[in-house]
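Listed after this line are the structures, all set down as structure tokens.
Across the two complexes that follow, chain A remains constant while its partner is chain B and subsequently chain C.
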Partner chain A sequence: MKPNNMLAAGVISLALAILLPLTVLGSSSAGVIAFVVLVLAALWAVYTIEKRRALLTSLIGVIAAIAYPLVFNSTEATTIMFFALLYVAIASSWNIIGGFTGYISLGHAAFFGLGAYTIALVADRLGLSGGYGLFAVALLGGVAAGLFAIPMGYIALRLRTIHSFVIVTIAFLFMYQLLAFNLQDATNGSSGLAVPQPDWSGAFFNIPFYFAALLLAVLTVGLAAWIRNSRFGLGLMAIRDDEDKAAGVGVDTWKHKFTAYVISAVPIGIAGAIYAYFSSYIYPQTVFDPMIDLTIVLSAFLGGMGTLLGPILGSLVLQPAQQLLTLYTGAAGWDLVLFGVLFLVVILLMPSGIVPTVVERMRRARVQEAVRKADALSQDAVPDAAAEGGQG
Partner chain B sequence: MSALLEVRGVRKRFGGVEALAGCSFRVEEGSITSLIGPNGSGKTTLFNAVTGFATPDEGDVELRGEKIQQLSPDRIYAKGLGRTFQQVRVFPRLSVLENVLVATSHSSVAQGLRTRTGASERERAMEILEYVNIARLAGVPAGSLSFGQKKLLEIATILVGEPKLLLLDEPAGGVNPTMTQQIGDKIRELNARGITFLVVEHNMEFVMGISHRVVVMARGKVIAEGPPDVVRRDPAVLEAYLGA
Partner chain C sequence: MSDILEIQGVFAGYGGGDILRGVNLNLEPGTITCIVGPNGAGKSTVMRVVSGVLHPRRGEVRFNGERIDHLSPRQILQAGIVQVPQNRSLFPGMTVEENVRLGAYTLRDRALVDRRLAEVSEQFPIVKERAKDKAGSLSGGQQKLVEFARSLMLDPKLVLLDEPSMGLEPRILGHVFGTMVEMSKAGRTILLVEQNARKGLESSDRGVVMESGRVLLDGPAQGVLSDERIGDLYLGGHVQQH
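Right, the complex of A and B next:
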């Protein structure tokens, strides 16, 4: 089978495996819709990888996303895609430090929560009422996340190992959750905080949120693409591959990592604020939630860490699945089971994620050919046991 | 001739091991200087101390009279001092071309965010890949190169930063005779173009063939130095090697 057919087959059967039982389970058309979305997303991904027409296919993707709520206007359908797009933004942003740089943060939910509490507190203290203006306040959630990320990044990246980074980021998340529970005067503790209700409602309710999430997703993916193609981004990827060597060829590793960390906090802060506005009530345990980090990592991992497409594809697969599960089973917790199974499947079958696995397969043949030719020329016959190259 | 690099009384201790025990020597500008010594004599540790990967406990490292021992590796690289590693190291998931591009300029983060990995640099990087005969592999992930090709890529990567002084840690280690010859030729050529070399190498034929000066280390100290044929006959050197 040709590799691009393989990707299509892989993604579609994965989608089938997740979603078919759900569509049978549910009575609404949302499952079918989500399934169609997934297949389209998969085909789109295949086309992008194969033809390398990223800009054109992205444009088609965006147009499809704009058309989506006009075609599928049920509350379920728009809710599902609202979360999918929100996570496209979140996972793509996380990918800047986690994927490009290789520093796996398990505490980026801290920024989600900071954004959520920012919009709730600002609206409360300034006595704002619901309306489109609150989306502008959501931007403050991003500002707050970025500001908090400065001292956090300074601490988390001080010790120069990835292990300590992971631990410190988790610790931060729980620290914020504890603070949100205990700073009663500001946060109202475990009773949570209300965010003003929007002044629109009914069938239209989801639409502004949907487009806010879409805009955030487009801007964040654009940001990630910009960084990936920049000299700064090349420095990040060099750090991921070999941090010492990167320093040895002039990359200021500390500033690179720190900047990547702070940048990656901002869109997630905005996402948290949009989420808070959407759900109109927040609690410490729902916005400073470790599940958010698991979801991010799994999405990025599923699609392929460090690729632009990976977190997008991963989120478009995982979010509909998760939302549908919650929608149809009505019980919390099933999504955790799904996550566990998915993690296992991906680790066993495609340890580097969907996109890199396929790209790698496609490249390997060509590469080996080129290496052989050059080798013959340079008469370098020493075999290399480590020719596989790194991945992760 | 003046000293491009001067190492003065450098000490570095790892727990109970004194890897560098007051090491001093000079590398003259324009020379090819070799650093030899038995296994564990501190050669790699000295490279680390000179290039910012290990801060000396004591002593000075001077590049053209400027103390650099407190600087970070990226700063030292920016001052024109490039190195390779004993264990060959490339960026495995980056393409061969990208490996070289990483090292092209040492821009600030703010600049780096605004700059795409640009066309002019690409040209220069390709020239250098051409020079070490791996240009046709430009688009290939560096991780899939053969051992020898990785060694060439490592040299290409530091060359692009236009270094004044190159520190090579066992450039001929583990490569076949043809490639060893090739690497030796490149070193001589580059030296003729004005690059100074400090080379750690166990292959004595190679060392004697390319060096202007040889510095011999044992137990963290310099025990002999001079022109190759003088050092070769030095009884202290023979003893260090046989008694090690």
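Right, the complex of A and C next:
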């Protein structure tokens, strides 16, 4: 068996090993099976990462995602995929600064919370009621996150070492959490804020949220892909590789990092607002939550930081696993155990993440194949090769 | 034809006294000039003065007749002088194509960059063959060729090569210097600094011998190569001034 096939088999077995017991435990396994199918589709996407097939793969992915709630319409199934798609958007957006430039922010949950509080406060102050119109207000969550990111990025990126950047971003997150707790008049403190609810009923309730998350995911991945293939993206990748050399070839490193930081805040702000609308009530500790940051980083890390597919794949694996564990084992925190175990497994077996590991294995397999063919050819033409060798 | 680069009476150093003490050097367009000399002779300092990293204390540097000795490295780059540094300067985690594209990062015209990339790929087949491979996975010699390719992305008139043989296996040196000769035949002027004096001079049109911050010998490369005083110099002796 070729190494890349072995790796794929390993990943699929791992996914099945986690999922099969859950299928037995749960009564409705539609969502779980669909999840397995999606993971397989994502894996297939990894194999067809070459540019000419990328568009086709994305199209199949989007069609599958559109068809999903029509096939699996239980509340559990749509909730699971709602969160998976929301995190595809969040992790892909985070990847623009964390993955492309290597500046790992552990404070992007601040933008999630800012988006959540924006929709709650705007709806409350303007006396808005639930409905499709509130999704437009969710966009304001993105605007707010982007505006707040300007001074935050300015401060966090003054420090040129990645370590200090990480610490400052964590500090930002806790600062916002404290503010949300203490600015009683605006945020209602620890009592939290309600977001007006729409009158959609039954299993349909999730559908508009599902498609809002899908749209956000598609647009964010599109944005990340566009940046990755642009001159700006080339500069970001150069910064990740070697910031001094990047400056040497003419990349304005500060401007690049700052712009990437601000851009990456916007979709996360929108995601926070959609989440707030979906969950109907927000508290400082649930939207300014360090667990959100860990989930983002682990999703990107598992799939492969700095690649376009990595955060998508990571979110499609982690979110359903987390949701299912919470669903079937209650709030006992088994999802945290899973995160811990997965983190260790990834660090031990493929420290650069699934996508880069698979791509590298494929490249090696191709090189070995080429060498084998060349060997076979040179054995056929031994006298010629000997003559050439004599000249060299 | 008038000289593309004129260095006249240049004195320059790093604060602890002058390294260059009255250097005069003129480069004809489309030629390869190789500077040789013992350690500390000031070869690399000449490069730094031309590329704008070090400003001379006295003297003039003219490029196409215009004074450039007061310009910043970036301005000198835009004027058409590119340096390929001594150490490995590629981004090892990025692909070969991305590395070459970064050579034209200061250009905003994407169509122009694409066209240059196509031209450079023609000239350097490795850029096409290994386009999607990480630069860090190439051998030292291959990386040097990609660095050459990258330096041509801004279509420079003058290329400064600082010790291209550094850290390379002897058997691929010929290929690297051969590529340099091709670059020169394509109309670029090359200023080469080389520890491996024999190899450097063999591939050059003109040889310049420096010692203690001055030019001691300046003439056709073949002549410099066969000059017996060069041997003395590299055996640790000193050139006798006439």
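Simple rule for what comes next: the second predicted complex is superposed on the first by the 341 of 392 C-alpha atoms of A that agree within 3 Å, B and C clash if a C-alpha of one lies under 4 Å from a C-alpha of the other, contacts with A are read in each partner's own complex, and residues count from 1 in each chain.
Here, contacts are C-beta pairs under 8 Å (C-beta built on N, C-alpha and C of every residue); 3 or more make two chains touch, one makes a residue touch a chain.
All figures in this text were calculated on a predicted structure; none of them were measured in a lab.
Enquirer: Kindly classify A:248 by the partners it touches after superposition: chain B alone (first), chain C alone (second), both, or neither?
Expert: In the superposition, A:248 touches chain B and chain C alike.
Enquirer: Counting only touches as set out at the top, which of chain B and chain C does A:234 meet: first, second, both, neither?
Expert: So A:234 meets both chain B and chain C here.
Enquirer: Quick one: is A:256 in contact with chain B, with chain C, with both, or with neither? Answer first, second, both or neither.
Expert: first
Enquirer: Where does A:170 make contact in the superposed view: on chain B (first), on chain C (second), on both, or on neither?
Expert: Touch status of A:170: no partner.
Enquirer: Touching chain B and also chain C: which chain A residues?
Expert: 231, 234-235, 237-238, 240-242, 245-246, 248-251, 363
Enquirer: Which residues of chain C touch chain A once you look at their complex with the stated criterion?
Expert: Its residues touching chain A are 74, 77, 89, 91-94, 98, 101-103, 105-106, 108, 110, 133.
Enquirer: For the complex, which residues does chain A have touching chain B?
Expert: Touch residues, chain A against chain B: 226-227, 229-232, 234-235, 237-238, 240-242, 244-256, 259, 306, 363, 367-368, 370-371, 373-375, 377-384, 386-391.
Enquirer: Could you please specify the touching residues of chain B with respect to chain A in the complex?
Expert: Listed in rising order, the residues are 51-53, 72-74, 77-78, 82-83, 85, 89-94, 98, 101-103, 105-109, 111-118, 133-134, 136-137, 139-150, 152, 157-158, 161, 174-176, 178-179, 182.
Enquirer: Looking at the complex, which residues from chain A come into contact with chain C?
Expert: For this pair, the touching residues of chain A are 231, 234-235, 237-238, 240-242, 245-246, 248-251, 363.
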